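Before anything else, here's the structure in question.
For clarity, chains are labelled A, B, C and D in written order, and residue numbers in each chain start from 1.
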Amino acid sequence: MIRVGIAGATGYTGAELIKLVTGHPGAELTAVTSQSYRGRAVQDIFPSMRNVVDLTCEALDVDALSQKIDCVFLALPHKVSMNYAPGFLKNNVKVIDLSADFRFHDATAYESAYQEHVAKDLLEQAVYGLSELYRDEIAATNLVGNPGCYPTSLLLPLLPLVRQKLVQTHGIISDSKSGVSGAGRAPALASHFCEVNESFKPYKVGNHRHVPEMEEVLSLGAREPVTITFVPHLLPLTRGMLSTIYATVTENTTGSMIRKSLLDQYGPDTFVRVLPQGEFPDIRNVRGTNFCDIGFHLDKKSGRIILVSAIDNLLKGAAGQAIQNMNIMFGMAEGMGLKLIQGAL
Amino acid sequence: MIRVGIAGATGYTGAELIKLVTGHPGAELTAVTSQSYRGRAVQDIFPSMRNVVDLTCEALDVDALSQKIDCVFLALPHKVSMNYAPGFLKNNVKVIDLSADFRFHDATAYESAYQEHVAKDLLEQAVYGLSELYRDEIAATNLVGNPGCYPTSLLLPLLPLVRQKLVQTHGIISDSKSGVSGAGRAPALASHFCEVNESFKPYKVGNHRHVPEMEEVLSLGAREPVTITFVPHLLPLTRGMLSTIYATVTENTTGSMIRKSLLDQYGPDTFVRVLPQGEFPDIRNVRGTNFCDIGFHLDKKSGRIILVSAIDNLLKGAAGQAIQNMNIMFGMAEGMGLKLIQGAL
Amino acid sequence: MIRVGIAGATGYTGAELIKLVTGHPGAELTAVTSQSYRGRAVQDIFPSMRNVVDLTCEALDVDALSQKIDCVFLALPHKVSMNYAPGFLKNNVKVIDLSADFRFHDATAYESAYQEHVAKDLLEQAVYGLSELYRDEIAATNLVGNPGCYPTSLLLPLLPLVRQKLVQTHGIISDSKSGVSGAGRAPALASHFCEVNESFKPYKVGNHRHVPEMEEVLSLGAREPVTITFVPHLLPLTRGMLSTIYATVTENTTGSMIRKSLLDQYGPDTFVRVLPQGEFPDIRNVRGTNFCDIGFHLDKKSGRIILVSAIDNLLKGAAGQAIQNMNIMFGMAEGMGLKLIQGAL
Amino acid sequence: MIRVGIAGATGYTGAELIKLVTGHPGAELTAVTSQSYRGRAVQDIFPSMRNVVDLTCEALDVDALSQKIDCVFLALPHKVSMNYAPGFLKNNVKVIDLSADFRFHDATAYESAYQEHVAKDLLEQAVYGLSELYRDEIAATNLVGNPGCYPTSLLLPLLPLVRQKLVQTHGIISDSKSGVSGAGRAPALASHFCEVNESFKPYKVGNHRHVPEMEEVLSLGAREPVTITFVPHLLPLTRGMLSTIYATVTENTTGSMIRKSLLDQYGPDTFVRVLPQGEFPDIRNVRGTNFCDIGFHLDKKSGRIILVSAIDNLLKGAAGQAIQNMNIMFGMAEGMGLKLIQGAL
């Protein structure tokens, strides 16, 4: 049994991690930390876990923690994780960081979107945790930068096509929509029930921190610079994310070639489901699961392709993919503990 | 491995059963039937189950089905189940019926609320499947009448108190609220999104078919006739049910006696969680789980007790409790396959 | 044209008042105050009012404000209003206070639920603004204590019956459900979208500050002490409130007598609609309107009556009733500016 | 007072028309028709209108109806309206048709998307009722084809820019999202609460009947063929629509030129609000109003412009714009009866 710790366990991603590790047949949750809830029992913070989780939040003391864990999930804010990752690694604890701190190869790109990076030397060994696309690298590293939810929803359908030069690298648009849990659990007017319910809006138009992350990964895949137009929107629902992606196919690319590329990448035993022709994702079909559903439509005349992907932003977009990466890093079955059956309804 | 069939698999309860049996370590789903979707693959009806469930809906042929199953869940409409149960029993298939057809001991009570009963002779051997309260009887029978969701939410908190004469048997009120999935999957104006969303209303005031079911069980428990006032309401949410129950305690009954009664009945290893004093259930804490949460407040001056219970109407209120009963009937661990972790969020 | 000011204009009740006064043919909005948004334009705070409302929030300076208004709505927190009401009255500005500060005749009752009252001398002249039931007194006063939303939903159906001794004064229960806007606009975990959405719970069980307000008004109506059991619940919707009230009728009281009592009190030209027999309120039918819908069911055998009322908590339960009171106080048609047509959908 | 009739009054658009005409100071509702609810009182179908609307649904008899109305709204299904419009016109009743039947100049375009047109001769005199952009033509006609909701949300921001050659006419994308009321009131699995709630999906990808309507109007405006990529999505909310439109500006076009073009078209006294730079529409700000909010972002480097528009699909997208057109046709103030104040909350 792998002994697992979760740092920053009382946000929405942290809560999902607690539940996933608790239900995982190959892992045992031995420690959770929280700054704001230190000393309080998990089941008092999340009454849904009463009689299920019996742990108390402790302070984030790297050395003390390292005694009782083999793997740590850092569900900490951006710019905080990088202060703790080095210590855990030094203590031979594998690190899966859910912030942006270890998602970039290029420190400059990180620093332009966030702030000065204080653990630059680790960026080289850090692996971008898009499980299906970096499986081998993840298996070989001790430090994973778990992808953002928006990048996950964009990259899973797009990266295979970009790698194979099936779509043009300029003019890509992602019109993305996320549920409210993506904004975190801290109270704010913007996530007040009455401000979100029965509403819908774009936000951070032309200026979202996930763009550099997406562009770096796409550019590496394409072996040339890729820029994208990305507009996130806020959906009046708790969990789920859907991206509608518009691109132009390269000359002579057909729908069958697109389908073959996706199916080659994502077999029936993976968490990415390529839907039959004419079917498109619906958030309800992936909610509460680790699946990413992908559908597409190619308009032959214009060469325009519309790719649609759906994930649960807290699972495949965060905690679920993090567990998947843990499974890979520790040589367990990739889907262990992730056979979630919630889905529709 | 128990081989399981589900008759009427394409309603909301049927879908939950499919998912639960699929994730159950001691059971195998070998057949599903559907009148309206005969010949269609489950994953085409419920795309959330793509790559997870690989079965096709067949017709409800009792003898053919009996060849490949040890246990059948009848997720059929009221008044339909009783036509099929006898055949399955004759073929040595254990039957868990989710309709009202086998919930009554007294055929007259059934017939006054529904219609003529065509399998009256089975009523004696049928056991009311309120798992925590009829565990031994369930273990010994081949035919369970799985409780309605409203009765489950009322009886779990109330039955122990009534049995022990801690509350008076007259003047009990249950103000109950259910999510929309309780109304079933068939399209109707009353369950149209725009008619339910941002709305809330009582329905069937003074006239709900669950009342005789609740009164029979309570009366048996109290060993005297119990009548209740029951008002169901429709909540603008998909799944979940909460009952606020008002009663009067008997003389000299204290809050501690109430608490002791509930804790004696429901240990920490059961699916019923008695909340600490001053805490009350919230649907979010039981959604997607098989738990029933119970809280109460006793006003000493007036002797009025307010009991609040919350369940997921599709799980503890239907499919979850049905699986729990299957576990009991087959001698497996009662909670097997029911360690659901969804809960809040 | 009456010149109107709103103190505390940037909460949800304040926003409704702004919209109502703006659309009112006999009133003109000349000043709004806000502590947190002082100096900011209303349309920047509420972009829905762009091109409709052209006012800037100012400080709450009683004397300066009194120059430009004939009537002030105090949409301030409990315990704040009583500091400002006396000054406005001295300046001959009529006051409609939406806090609890002037709802009580009995200062002791107020003080037991809130804190020391600093304007006790005004309590005698203050009139409880339940428009349909205190119309004459409201017309004659300069100071109205506008009722709480829960008391409005309870008293409109119940007070006529209690006055006429048609229901017993003991054993009354109100199981009430409110939308989230009732909790105000200040961000809090309890009103975070993800904590409320798809959830439902009771709160403040056995301990809600609206109880003394309801009991005082009922007791005055009954000319004997009335105590009630009141349990508020939080609905996952923005606006609307429904109360299901359980009482016992007095001897020989029939359904026709109940109906007659309500119809005598509430004619077809009022904002209270007594529904035909067998019909019950639904929040959707009153949402966005100033109506209160009432339905009831009397079980003859047990003598139990179930009364159901629905209002929009922000309109008939707050801002709408406040405007209705303004109309009465200034001798205008009672429904002026309140012909809201939103309702269902 | 204009005497108004509504044919097909019991769908969602019909209901909005009833409410708007009822509240309109210059119009009187004298007749409503309904096939499915013939002989039933409006207030029985829509209990929200009790004590407000006192009319009974009648059959759609053109000659009988024409006796008592000056203007008829045809809220009938596509392909039905064209059978009734000619008769009303012959009887000198002005017609505002809310179906697609009179939106096209080119019968072929209509027929390719719908079916054979049986009143082709009227297409020449029919005016496309996009109020702000065809005001003069609307004032001079007796037959208006009221725009679809999707086309309204797309054309209001885009048509002025296309007319002035500020954006390129190829490569335009509209990623549009609509509330559920757009799908109508007829029960269907696709609009069942549990199938929509907490969900989000695209539909009719690459194949939506609104596309020819949008392309015809844009092409006429551009004086050259315009083709667009349009993907509609279903939002889990009752009313509201938001379109995120991606285009490329023509050479030398600046943000100021875009802003000037929109402000020249839409003055502060219109129902189209051009938001300040950096602000974007939110459905909540237009819900329950006749406003269309528009915001945009121009990325200078790529020349990509992102235009965002929001409307209430039932008001500016249907019934509200229809009333606006009636006002124009009858020479009344354009905004009469449309000063709706609902907006946020």
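Note that in this section contacts are C-beta pairs under 8 Å (C-beta built on N, C-alpha and C of every residue); 3 or more make two chains touch, one makes a residue touch a chain.
Note that the structure is a prediction, hence the values are computed from the model and not measured.
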item	value
Any chain that touches chain D and chain A	B, C
Geometric centre distance via CA averages, chain C-chain B, whole Å	39
Chain centre separation (chain A, chain C; CA means) in Å	46
Distance from chain B to chain A - Cα centre to Cα centre, in angstrom	37
Touching two or more other chains - residue numbers and ranges from chain A	12, 181, 194, 197-198, 236-239, 282, 284, 287, 345
Chain contact graph, described as a line, ring, star, complete graph or other shape	complete
Chain B residues within the chain C interface of the complex	173, 175, 177, 194-195, 197-203, 205-206, 227, 229, 231, 233, 235-240, 242, 244, 246, 280-284, 287, 295, 297, 299, 302, 304, 306, 308, 310, 345
Chain D partner contacts - residues on chain C that touch it in the complex	12, 15-16, 19-20, 22-23, 46-52, 181, 198, 238-239, 268-269, 273, 275, 279, 282, 284-289, 291, 293, 314, 339, 341-345
Contacting residues of chain A [partner chain C, same complex]	12, 180-181, 185, 187-189, 191-194, 196-198, 236-238
